[in-house]
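The same subunit A turns up in both complexes below, where it pairs with subunit B and then with subunit C.
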Partner chain A sequence: MIEPTWRLPPIPVLLVGVVLIACAELGGGAMAQFKLELARWARGTMLARPEVHGLVGVRDVDEQILDEALVKLDGGLRLFHLHAEGMGTIIIVTAMVATSLVGRSALRRTIVALIMVGGAGYPLGYLLWSGLIPFHGIARSKRLAEWLVWIPFGSAAIVAMWLLAGALAAQWLGGRRSGDAA
Partner chain B sequence: MRRPPILLVLVAVVMLALGETAGALLSPLRPAVERYARARVAANAAAHGLTGSAEYDDEVRNRAVFTAEAGISFFHTHAEGLAPVILLAGTIVASVVAGRRARGILFGLLTVGALFPLGYVVYALAALEAGREAGVALAERYVLTPLGASAIMALLGLVVILGRAARTSQPAR
Partner chain C sequence: MPRNRAGQAPALRSVVTLLLMLVCAGPAVAHHVGAYTPRDNEVSANFKQIKFSVQAGKFDVARRLFDEGALRRELQKQAATLPPGLEASIRGALDARDARTAEAGLMVFFAALVRSLALEADRQLGESSVPAGARVAGGGKMLEAIWRYYNLVDFAVSQRDPKAATAVRLAFEEAEGYVKAPAPSPERMRPPLVQIARVLAGVIEASSPSARRDS
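What follows is the complex of A and B.
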């Protein structure tokens, strides 16, 4: 019998969710506080690697390339902030739903582990992307972040969500059938 | 804290799952989405007012594709954001609203309101099938407004019930 109250998810899962939200808050603050320093560092790093960024030594052309890279770097940090805030909340909420409503313990543990790992890892891809842009350029950094972080961790989170949805649907249908039988 | 009915939880979790999956469409699958959108605009040339003039048609096509991608992006953000709000509101209703009938109405409104982000999928598809302006208007009128109103009414109802409970300084349950 599953109680009609929420059950607390495992403490390590709560910790991961809260740490992620705290990192997002810190990231948002740091982005605003160190915006100039970050831009200076990124610009210097890119100027030291002209061949990576296709810099040609013509000011008008190079400034446009550098500006685009800086906009993407800033965008990556903003997306980290947004996704970490969102995924931290989703880790806590979905782990609570799974802990309270998924009866089979192996399935419950799988869902909670996948959402915790996938949800916590995915936003870090945006940090990685931003950090790599000055060294590898926009496109190569994006490919690296996609293959190293977004695809594996994002897939884990998506699989966890659909497993949870399937488990809840099965339980809801089971409840309706037993209601019909009664 | 009490939990809301399993149907409400199921709808919220399905919306989260759909929202996460839509996120993948925005990044690694973006080229496929763009190809599909361009093909649908070409198949519905009259609805989009394509004239055969390459420059004008390119502009119309780009705007329609941008609208479809924006629809998917709005769906992603709203599904991920609204589902936890619905779960939280449902938990508050389950925990503090005393009347069985009032609880049932609020749960019903919240469950329907949880479907609000699907309006943006309709927005994206309708913009491609019926033309940009007509498609967006259709999605807003027939899907986004009713579903959004349902969520808003549920939250206002909860505010009223909590307000009354606060005035009498006793728990509503």
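What follows is the complex of A and C.
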């Protein structure tokens, strides 16, 4: 029997969520403050690797390639900011729902662990993608971020959410059945 | 029988979990990575400003935008490859409120830029020391730049020389087709690029200030 009150998730889980939101805010601020320096550094790094980025030595062509890479790099940082804010909140809320409403302790621990690891790791993929673009180009950096971060951590977060949804549905249906029997 | 059902429960749970994992695999592969829309560079942006000012009949504004803008700076930088007197012709047309001549001058300038890009693309595609895939990828980027510039004056070219405009578009599409081909073949991309350069050389020749004076 579960008490009809909200319970606090484990403090380390809350800490991960809050630190992630703090990182998002820090990232957003730093992105705005060092926008010019970042663009200069990225441009210099890309110009030092013409083969990686497919630069052909013609200004009309290369400027567009560099511009696209800089836009994607900036986009990656923005997406990190947004996802870290969102996932931080999702970690806290999901862990709280699971802790309060999922009765079976193994399932509860699994959901909380998956959402904590998946939720905290997923936004870092955007940071990794942005950081890799000047060195490996847009497409290769995306593939690296995908296989190293987005797919494993994103899957963990999605599985956690579906497990939680399944557990809540099962509990609701079980409650209705026992109510009907009574 | 009830024992059998109890034994089936963990297996069923495993199957459901596996299905859940498979359902999750699809969404996990998709991520928001944003979209990129190519922007105008300062030359094409300045061209549009001048063109719209001329179309609105604001020739004084167009003249100022021409005098102070990136287009004229680029025109001066490329002077050696452009027909003589092109800058003076555009300025004179703006002073005389002659939209057609101003448009022709700007068209010649962009046609010359496209011609230079096509010749450079042809040269780079012929560099046998570079792997074929890299040459085709570079050629594809050059084609994008060619189209960005040509697209600005396509209408003006087709008004003056419809055959040339069609020939450029067909050659562009042919070259683009080789970029998308499964097996990279840089050598096959070269003839359409040479064709673009050749056709535009004719357009420049026919529309340059000296040709207009002679006609």
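As a working rule, the second predicted complex is superposed on the first by the 182 of 182 C-alpha atoms of A that agree within 3 Å, B and C clash if a C-alpha of one lies under 4 Å from a C-alpha of the other, contacts with A are read in each partner's own complex, and residues count from 1 in each chain.
The rule is simple: contacts are C-beta pairs under 8 Å (C-beta built on N, C-alpha and C of every residue); 3 or more make two chains touch, one makes a residue touch a chain.
What you see is a predicted model, and the numbers here were worked out from it, not measured in a lab.
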Touched partner set for A:His81, first subunit B, second subunit C, both or neither: neither
Partner chain in contact with A:Ser100 - subunit B first, subunit C second, else both or neither: first
First, second, both or neither for A:Glu146, with subunit B first and subunit C second: both
Which of subunit B and subunit C A:Val61 touches, first, second, both or neither: second
Partner chain(s) touched by A:Glu51 [first = subunit B, second = subunit C, both, neither]: second
Partner chain in contact with A:Ile158 - subunit B first, subunit C second, else both or neither: both
Partner chain(s) touched by A:Arg108 [first = subunit B, second = subunit C, both, neither]: neither
Touched partner set for A:Gln171, first subunit B, second subunit C, both or neither: first
Residues of subunit A that lie at the interface with subunit B and also at the interface with subunit C: 146, 150-151, 154, 158, 162
Parts of subunit A lying in touch with subunit B, wherever the complex brings them together: 4-6, 86, 89-90, 93-94, 97, 100-101, 146, 150-151, 154, 157-158, 161-162, 164-165, 168-169, 171-172, 175
Subunit A-touching residues of subunit B, taken from the complex the two chains share: 1-3, 6-7, 9-10, 13-14, 16-17, 20-21, 23-24, 27-28, 80-81, 83-84, 87, 91, 94
Subunit C-touching residues of subunit A, taken from the complex the two chains share: 51, 54, 56, 58, 60-61, 63-65, 67-68, 71-72, 75-76, 78-79, 125, 129, 142, 146, 150-151, 154-155, 158-159, 162-163, 166
In the complex with subunit A, residue positions of subunit C that touch it: 16, 20-21, 23-25, 27-29, 31-34, 36, 38-39, 41, 113, 117, 120, 124, 134, 137-138, 141-142, 144-145, 148-149
